[in-house]
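So that we are looking at the same thing, I have put the structure below in structure tokens.
The letters A, B, C and D name the chains in turn, as written, and every chain counts its residues from 1.
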């Protein structure tokens, strides 16, 4: 169930190159958010809202954390908002990561760049529910790395950078070949990364979070379609996803 | 009390506001935000004979005060729409308008006929203007003879009033409007989107996978107003106006230009409550500019 | 170093940026802000045979991400322009393009001929698309036969290269473009404004005294890009692109769509330095997206 | 000579119904401004700048005062700017009121509504140069009245309101029939007011400031034309005006 809500900006800070962490307060959203869901944020008078994942959620303070990368006019403008400003948000939206898994299982989180944020909320939630967490996080380079300490608190965490300026050099899939043991994997990141991940981890149970340019964000406009093996022949990323079982979709 | 009601062929509207085709699905999603009883009517997403899966993604892009879309008439096919979507919408105390599309004259006729089998649809909107189907959709809308032919054929095969939705991508909109009026159209619906494109600099390709898309939103409002103004004094059938409506003041501007009712598309994406909000605000705006009813305002901006 | 230079018929441009006709007068006002040597070229305000006083006011209105104008080709007449304005502009080390307009084929020819008498003008821009003259301006631009006829007549009467400025208010832009190419056009200039209207609620009248006006600014950029993209692969003459350019990224988008140079209109009103600023910023943008020269980028956004 | 300048907002306050007084700081503009000139102000990303008259100018503090009425989106948005924000301004623009008049002359200022502001800068300037000032200021009603004390400091001031809720009831021209003595009159206000003023004061030497929708604001686009009895047949309000001798134009 989503609503249109005003969220107050509690804090905003640059945490990596062109990457901003913003904490927003709203009781309804923080009460209803689950890992993998996103917010559809109105920025100024932009025609389209911008989808941004929920990166953390605090039920006590009613705070939601989002992390976003400045990649265009909308995110640049969002980065200029000040503490105390309000955001007009639709949320929480979508079907997130399945979290009803057997205690003591081990879950591998694989994040790439600005795909990392939803995995943090997920990892925290799973860990609180007795799941073991391992994480492999890929970034372009040292300047782009964020939330490493946060993930280390959840479990074993490997950082990979494309240019080798920090952690391991290469792609997230390079470290996976070392045969990390896990029961399920959960991933979010650029499509090429997800594609090679799925092929490297063939046979493993996995869930991926996908992105597509969105119109309505609520399932009405059919902008965010993904071909799928269901009766309709497609899924909507905004309302059927953004998280999908790797078995059910073709990317 | 300000009177918002308006009578159009086949439609007894409690107010002149309806969501535009393609921007509101079949109402299910927006029904979770507010009660659709509120609406004058709902225009459904385009129906074709067979199911269509539409265009590849990306299907939308943002532009200055507007957006491009190339959904490509994705829909489950008219039979499924009549079986599952029309019954959902007919729970609400509002009018249902079916937007019909096709790749050939025959398909238009077949889809129109299919809607004869339900008595829950109140009017057809004949979409001869969708720029996102290659097979002929656009030609129907830009050639007055073709537009008249499809209008005539659909009129013959339906018992419902037909509103022909015009394309703005034409040299002479009045000519097309007159042609479809002469062919029996009960009303006009204008405007559909303008064909546009955006090139994505990093990939050096059109951003929309279909290359071109339809431009909608406030950017096109001046073109919609101009076309409605030009057409409304040249035809004797009512116009459902649309293109960039964002607030009640815009609705009044469309009424003054000669529209009898309005549809709201893109603005639903910014504010899911937009149709309801505008309906609530319309009496204030009509009053502020000296009108006691919607009817009174229609065409009042037209000067000799 | 990034190479901004580009060679077009009659024009050796040091960079592809020029102010658009009607948005820069004859350069006098903007010359107080910066040195016009900076510009690739200057396109002058439209010239007609006789002096014209234009339309009544209001002549401009703001729209969402755009504006409407109906100046009505006000100008002191071609003789005066040649006597007083061309000499002013020719002090600068830049190209001068004369925009010519008329109410009849004969007037176009006369105006074109008049410019043979100065060797300080480098090219003609044939404005067959101004929506603000009633007598025929628009017809020339929306009918391929008329467009070809006036192009041919003007070509015969001038020793200068002729860039035909196309109207976007047409069903089939490619058809018009091909017609004027076949008639001898050396280049195209596109797009002119789209016809629009705004109704002023308090007075219940069109805000622009002329009722309709031409829509320009970022709102129309997707339409300009689409039309240039469609036309550039169908003709063999270069295109000067325009419509909503506000920054160097937009210039690259026009180049990718197939334009060889660009003109900037409405944005001068927001920022009088806009042409100079964009020229300064263009090398950075070309480089960021992997180009070493303007020439390299032309048409690179066109996919098969 | 005009320039494009950034002006810092020093203060902003509501001084009457939907009327805002804003003080802006910029040395270049304050040094060059003369009475009757205006600023062409960029507001947000609006396509067109908004022309607003200079209502006061302080050469010591480098401050310029503007007064504006919220009449549409642009002025509403301008009213939301905060102290410390910067405005992108072209100015000072235009030919203002002629001020080289014989000392000891008496000048009558006639202002209507939001046409009052430029007359204040003018009156102050003239008074400093030994001219006697009389003022007749018309407003819709009591809520709309502003700057009365400021004008009283300059000289005899009559306030007229259309609804009689403050001062005299009626139109500014009603009080003029009482035959106020003066050598020149200077006026700014709605066109109908200017028209009846010119007819009532026929034969008197007068200058009026005019408004028209503007594009460029610098004389290039020919949006702001006024038919005139000169060789060209027209004048541009932005660069030939906005102030004109009543003899030279027809309104």
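Just so it is clear, a contact is a pair of C-beta atoms (placed from the backbone, for glycine too) under 8 Å apart; a residue touches a chain by one contact, two chains touch by 3 or more.
To keep track of the chains, here are their UniProt names: A, D = Dihydroorotate dehydrogenase B (NAD(+)), electron transfer subunit; B, C = Dihydroorotate dehydrogenase.
None of the values given here were measured: they were computed from a predicted structure.
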Legend entry - Chain grouping by contact, computed as though subunit B were missing: A | C, D
Inset, instruction - State, to the nearest whole Å, the distance from the C-alpha centre of subunit C to the C-alpha centre of subunit D. - result: 36
Legend entry - Interchain centroid distance [CA atoms averaged], subunit B/subunit C, Å: 34
Legend entry - Distance from subunit D to subunit B - Cα centre to Cα centre, in angstrom: 46
Inset, instruction - Could you list which residues of subunit B touch at least two other chains? - result: 63, 65-66, 217-218
Inset, instruction - Quick one: label the inter-chain contact graph as line, ring, star, complete or other. - result: line
Legend entry - Chains that touch, pairwise: A-B, B-C, C-D
Inset, instruction - Name, in rising order, each residue of subunit C that touches subunit D in their complex. - result: 22-25, 28-30, 32-33, 45, 51, 53-54, 57-63, 65-67, 69, 71, 74, 76, 217-218, 266, 268-273
Legend entry - subunit B-touching residues of subunit C, taken from the complex the two chains share: 63-66, 68, 142-143, 169-172, 194-199, 201-202, 204-206, 211-212, 215, 217-223, 225-226, 229, 244, 249, 252-253, 256-257, 289, 300-301, 303
Inset, instruction - Spell out the part of subunit D that touches subunit C in their complex, as residue ranges. - result: 1-2, 4, 42, 45-49, 74, 90, 212-227, 232-234, 239
